[in-house]
Structures are given as structure tokens and as C-alpha cells.
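Think of it as A, B, C and D in the order they're written, each chain with its own count starting at 1.
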Amino acid sequence: MTKTEFICAIGKELNIINTGDWKVYPPVIQQDKCKKCGICLMYCPTKSVKIIDGKFFIKLDYCKGCGVCVHECPAKAIEFVKGEQL
Amino acid sequence: MSNIRVLDGNHAAAIGAILAKPEIVAAYPITPQTPLVQHFSQYVADGVMDSTIIEPESEHSAMSVLTGASLAGARTFTATSSQGLALMYEPYFRVSTMRLPIVMNIVNREMISPQSVWGGPQDSLTIRDAGWIQIYVEDNQEILDMTIQAFKIAENKDVLLPINICYDGFYLSHMTEGVEVPMQEEVNSFLPKYIPTHVKLDPLTPMAVDPLTPGNYLQYYRELHMQAMDNAKRVIKEVNDEFAEKFGRNHFGLVEPYRMDDAEYVLVTLGSLTGSARVAVDLAREKGIKAGLIKIRALRPFPKDEVIELLKGRKAIGVIDRNISFGWHTGIVYQEIKSAISSLEAVPTVPFIGGLGGEDLTTELMVEALDKVMAVGESNQIENAAHWLINQKGR
Amino acid sequence: MKEIRIHGRGGQGAVTTSEIIVYAAVMDGKFGACFPYFGFEKKGGPVSAFVRIDERKIREKNQVYNPNCIMVIDPTLLGSVDVFVGAKEDSILVINAKSIDDIKIPPNITKVAYIDANKASMEIFGKLLPNTIVLGAFVKATDWVSFDKVSEKTREVWGPKNIAALEFGYNNVTIVEINGGKGDDKN
Amino acid sequence: MTIAEKMFSLEDMVGPGITACLGCNVELSMRTALQVMGPNTILAIPPGCMGGVQSVGWADKTGMKIPVFFPLLDNTASMLTGIKKYYERIGRDVNVVAFAGDGASMDAGFQALSGAAERGDNIIYICYDNEGYMNTGFQRSSSTSLGSWTTTTPVGTEGKGKKSNKKDMPMIMAMHDIPYMATASPAYMPDLIRKLEKAKTIKSGLVYIHIYNSCATGWGYESDRSIEIARKGVQSRFMPIYEVENGKFKLNVDVKNPIPLKDYLSSMKKYKHVSEEQISEIQEYVDKKWENLKIMCNSMG
């Protein structure tokens, strides 16, 4: 039996699941094509799109590689980088 | 200081609960519990009672509302009967395993079919293993006193379990008798405010309640639950003693012995039927027969040690059950007693079943039961099949 | 222990009457317990209620099968309900009736208190509310509970007008001994 | 600030990794909803997809930065009522929110939800409607649409998918006379966010938000098309986006030139067997619903 500090089923510390491991290829935003419309950020199910210094980036830690951003980007600025299989 | 009022069982329960000041009350009306809900509504409407009353659309929701409220930190109260309890089973089991000290009176009523609205503890006994504390009471004073004590037992930090105060429908719920009602200040000093520390849904202290839990953790929680049940035995007695000292009424904690000192022939009872069994014991004593009885008050946790201590060395034992364990052909309390005393040298025991569906268990029937116990004790024959107690007078 | 069985019709206050008797007994310093017959009470249908009064705590939680006193609030019940069943030896009958000449009273009943509560009710209330009048007759005939406490509770639950009815019943009941006995003395 | 910038500025209340399927529309909707709800929120996630992906937590760890719990499948609204009533009693304003699937809302949990709506309990109830019991492998729910394949409405020599139409839950909830009812789609994100923000401001009763969520795994399409399918659902008038505030109906996405229903249906496997006859039957249903909704918007707008 695994003991916890609790007397009934509760959880306090945040559970971290490395869903970044799920992806086959990483999606990457090509900054020269990016129109900064923010659609990728709005539609990313894992909230992996970040804005740094006004530019959009995909943080790959928890990105599962679903491809929604690639499919939805109106500027076709996001591509799976196939050479970089993880 | 207290005052005597003339109350039916439901009214006594309502007043007991009101004195305990539950913050959230949610109950769905069902015969024979309905007047209890009506009393609450009226007391709130009259400004006498400062509880938030929620009128849920079912018993399932009644228990669910209380689950949420208790998780948020509220002291909570509800009541139900039979089919309502059955509908409530899903959240009922959950409340105990979440260790929420909810107090629920069960106004015991037969389970259908056939259609019946009358008294009998088949409803709550059937779900005795759902992790709640269950205490069965005999009269209206005990209803009121135990409804107050229930909160103190349930909320004890060594217990933290929900509790049922069970009383027979109609026999107690609709019986009117004199009841001593304690003063609010006295109850306040007996019963401190409930402050949960083990589980709480509050944005200031975020936590997950019931994450997906693998078996190795679940078993650990079950072990703690079992320990809490053991602790409850001690706490029920302590709360009883404190109550007795403060209010002058002793209800004997887990088991009440009656004329047991030198008793050879013993009846074991539960709930309101105890009264006529007491009379039968007195009548036997007048004839020089060493009769006695024990009233099981706490069915969960089951007072195994106390029962062994009280029943060892007796000549014969009869257990009166107003309920059935189908497939065992006895009542449920009988099985509990038999299990408890299995370590004792074999003593003849007789299972009795009667009083189902609101049939009276008259004094005459209790005399009949005691006669049977004596006969079995003398012949030293162990009976396995239940002896039915049939009330001819009512037919 | 005194056991009472009350017969009435749904809506006539038989159950409340039983509660008033228990209230009075408890406030007199005795013990009392009552409950209605566990059926579905329908307005106009026959109902009964059971009362026990004793000097010691009442333990039996059953119907009253062998009453020391039978109270009949509505005389028309005699045609449909065996109100006398199980009457104890030397028991008392308290009945709403003009006379008892036509009533077949069993030998176990040796004292009868009767009053024309219907007529009195029409005079007091202008409608048929015989229960408090019969209750007054009961108090007088049995002397098991105090008039003061019965009166106190009656006022609380039914209002002051009923006190006149209660008093009327108490003061005008006709009490007779029949079947050669003195009702309830042996019990 | 653009919507994207605004969303980026709001903290994600859900643990960084939850085990939702690739391209899950519901994960997107949940994360977005909780960003808008913010930290002063207590969340209920009944059994269903989002309960199954460790969003409540695992063992003795939590899946959220806010208090979160598993209600039963059928008591979400009632449990939230108990929580909300207690916080109202002690004078604390807390968002008490359900994020529940169509099974927990429209089937087993419907009674509790209807009861809470009728009582006027001030909870925010978000239903993510992916038209079936997806967590357990896509069994039919009352929200499954006519003709849809599910594991319990299979296609065979006799079976042609689900035999009855989708239950019109948004309209049913609107008819409870709650202060605010809205439908939404993750494909129409600014509209969804506005509705969630609106929900937070309502204090007079129950708020019901119905999010149409497509499901890559259950419905059978590539995960990258998740938003595309959701958008087609709206553009075919299959999933009308509207709101009802204090009895006033308003169509938020007026689809003037709908795409053919066939385009929507044929884009996923659950309809791959569907016949022309069935399509016209579904079309009839969709047209009728749309027409009724337009009437409501015109007469009760």
C-alpha cells in the first residue's frame, strides 16, 4: 500500500505529464512567413504557443504534435520539421 | 436547564438538528420522513432556524448537494427513508469514502415490493457496509439526543465519517411523547463549530478531490477508513458520557444492557421494538426467570467486544429482527451477533423475524420469543432457520 | 397503564385529540405516548388513534388492542367499525351520542360517558366539530389527565372558541355505570 | 490587445500535460474556459473524456491549479449547488463551474441539471458536446445525431447507425428560463470567449454554455482537422451558434449560405456509411431546427 499524507483521496501537488513525448515531428513557426494573427495560439489544444518579444513560438515541452496549428495557419507559416524526429 | 415538550419523532429529530445548527440542509420528502422536512421549512420560514435550505429534485440530489456543501466546509444535515435511500445509494457510498461528516437521519421504512410505506429498518441495514456510522434508537428522546451527538461523533478528527441516526418509521416518526429539549446555549457549548482540515474545496487552498486513484493508494485509504471506524467506537462512548454528564441522559453508547447482570436468557434487539422486549423481560423476571436483553445501538461500527462480553456464559440467546437477510433465512442483526460471538463456546441462538411492513411486535410476541429462547436453551439445540413472530391480534 | 383508543373520521381531529391527551399527561408529570393508526388518512374515512398514559415510561410501541377507554367522536362509525373490539374488562366508553339506549355495548364496558356533541357543536360553532366536546367528556369521565392542561393545549392548537366546547363537554356529560361495574377500577 | 494576446496573458489553470487525444477540441475548450474563469474558481469534471485524461489528477497529485473534483456522472449540478450555496452563505463570490460531457449533462445528469436550473442556483454549467461517450470508446448518447455510427449503434446488414435525432439540449435549457444560455464552438473562439466572460458576470441564476466539440478519435478524422470539422459543423447549420439572455434569442453566427450537409458528414468516418436518404432526413431536421431558431430570434429577439 502506498501511503500519502492525506486521509482521503485528494491531490495537492501539480501532476506533470510529459505529453511532449507524444509528437512525431515538432511544428515550427517560420518567422518570415508569420503574420502574427494569433490563430495558432487560439487553437492550440495544449496552449503551447507563446508570444516572446511580439513574436510567436511553439514551446515543444507539452506539444503533442496534433497539427492543428499547421492546418489552420492562414499564412502557411507553420511546418512540421520532419528531419527532427523526436 | 431544559424544557419538556410533547413531540413526535420527526419533530424531535428536527429540533435536535436545529440545535446543532447545520449550515446547509437539503432533503427530499418521503413518507414517513416528510413531516421532518416540513418542520425545517416552517422553522426557516418563521426565522427560528438559520440554515440554508435547498429543495432538491430527488434524494440523489439531496445527498449530492450536501456532498458539495460539506466539501466546501459546511455542517450539513438531511434525512430520508427506504426508496429515497435506495436512490441515494450512489452518493451515499461516496460520502463515507470522502470522509465527509454528514449527518443523515434515516426514518426506517420497508423496502418494496410489495408497495408499503410502513416501518422497518430493512432500508438502512441493507446498506450497512457503505462505510457510514449507523446508530439505531428506541424512542423520541433518543432521536433528539442522538441527532445532536451525531454531529459531534462524525466531526471528531479521529472519526470524520458520515453518520445515520436510524429510527423506525411511524413507530417513532409518528409517535408523540414527552421529550426534554436542551437549551441552545448548552448545545453550543457541547458542539463546537465544524472546521474541515482534511479536505476542502476552496480557491484559497486549491486541491483535487478524488483524482484518478490506483488500487495501491485506494487500499491505503480503505485502511484509514477502517481505523476511523474503530476510533468511532471510542468516540461514540466518549460523546455519550460527555452528553450524559452535561444533559443528564445516558444512552449507553454502543450497546445498552437491560437486566443483564445475572441473565441466562437474552434477547438482542434493535430500534423501537426494544420497548416491548423490555416489558417481556420484566414479566419473565417477575416469574423468577433470569431474562435480560441487549439493545444494539451502533450497528456500524459493530461493537464486537462489547457484545462478546455481554453474551458470554449465557444459556441461550434470541435475536429479534424486523428485517431479512435473504438467502440466510435469518435477520441481519442475527448474522452480526453470530459472527461476533463465533469465538465463544457454542451457545444456542434463535433467529426471530417479525414486525415486517409495519406489523406490530407486541409484548405477547416478545414473551413468545423469550419462551422459545428458554426452550432452546434447555434442550441445547441450535436453531438455524428463523422463527417467525406473527401478530394475530392485528388480523 | 391506561390505554385509550380513539375513533373518528378523517378531518375530525382524532389524531390531534390523542396528542392533546398526551400533552396533558406529560405536563401533569406522567408519561404519555400516542400515535395514529398507520394508514392513509382521508377526509371522512374512519381513522383511529392510540394513547397510553402511565406513571412510568411507556415502552410499548404498538397499537392499542385492549383499551381501558374507547372514545367515539362520530357515532355513525358504529355502523361500519367494530369500535368495541378488544375492550378490557371494566373499561370506559366515551361517546358522542344523544342516548345509549340503542347501542349494543359489550359486557366488558362498565362505564359510559355520553354527550350529544353534534347538537352542542352546532350551537357553539354553528357547524359539526364534535371532537373537543367529546374530549371534555373524556376528561370528566376518566380523570386521567387534568382539565387545565387539556384546556391549555386545546387553546394552542384549536383556538379559544374550542375552550367553550371543551368546558361544555366536561360539564354536561352524562356518566352512567352499566353492566354492574365501575369502569376501569380494576385496571 | 488582440484576442490572442489577451488569451496569452491569462494563466492556464490546467496542468501542463493532460492525456487528451491529439488535437482534442475539448482540451482546447477546457483550457480556454478556465483561463477565462480564472483562479477564483471551483471546478467539477464528471466522468467523461476530460475526467479520464487526468485533468482532476492522479493518485495524490492534482491536475489543476484551481480546486477541482470528480462529481458523479449524474450529480454534477447538485454538488455544485451545495458548494455555491455555502459560499453565498459565507459571503464569498466564487465561480462554481461544471465542465461536463453530453452524457453527464443530457443523459444521466439531466435531472440534477434541470433541478438546479429550476431552483435558480448560480452555477456556470459548461457542456462539452462531442455527441457520445467518447472516454469509453464512443457509445451513443442522446446527443448523438441521426445515422451516426457508434459502438452501440453499429452499422451492419440491419443497423444504419443511430435511429433518432440529437436531443436539442440548448433549447431545452433555454426553456428553463435561466438568465443566460449560449451555444459556442471552438472554431469561433472570440465568440466562445465573450460568452464565457459573460457567464462570469451573471449572478441571478444558472448559466448554461453548450460547446459543440468535434472528436478526432471517435468521429474518425485526422487530428489536424479538428478545428476545420468544428467549423464545418457550424457552417452547415448543424450546430447553430446563438445565445438566449433573459429570454431574448440572438443568432450569433448567421449562416446565410450553408455548406451542403453532405460536405460536413462525409468528412468523417462515423458517417461514411450514410445513405442519401439518411442525409436528406438529417437535412430536414437541421432545416427545421434552423427555421425554428430564426423564428425565436425574430419573435423573441
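Note that in this section a residue touches a chain if its C-beta (ideal position, glycine included) is under 8 Å from a C-beta of that chain, and two chains touch if they have at least 3 such contacts.
Bear in mind that the values here come from a model prediction, so they are computed numbers and not experimental data.
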A-B against B-D, pair bridged by the larger set of C-beta contacts: B-D
Central chain (by mean CA position): B
Averaged-CA centre spacing for the pair chain B and chain A, given as whole angstrom: 55
Averaged-CA centre spacing for the pair chain D and chain B, given as whole angstrom: 43
Chain centre separation in whole Å, for chain D relative to chain C (CA means): 65
Distance between the centres, which are taken as Cα means, of chain C and chain B, whole angstrom: 35
Touching two or more other chains - residue numbers and ranges from chain D: 54, 56-63, 65
For chain B, residues contacting two or more additional chains: 206-211, 213-214, 217
Numbers and ranges of chain C residues touching at least 2 other chains: none
Chain B - residues contacting chain C, complex: 4, 6, 8, 118-119, 139, 168, 170-172, 174-178, 272-276, 278-279, 358, 360-363, 393-394
Sites on chain B touched by chain D in the complex: 23-24, 26, 52, 54-58, 60-62, 64-74, 76, 90-91, 94, 201-203, 205-214, 217
Residue ranges of chain D in contact with chain B within the complex: 39-42, 51-52, 54, 56-72, 74-75, 78-89, 94, 111-112, 114-115, 118-119
Chain D partner contacts - residues on chain A that touch it in the complex: 2, 4-6, 9-20, 22, 37-39, 41-47, 49-51, 61-62, 64-68, 70-72
Touching residues (chain side chain A, partner chain B) in the complex: 1-4, 6-12, 15
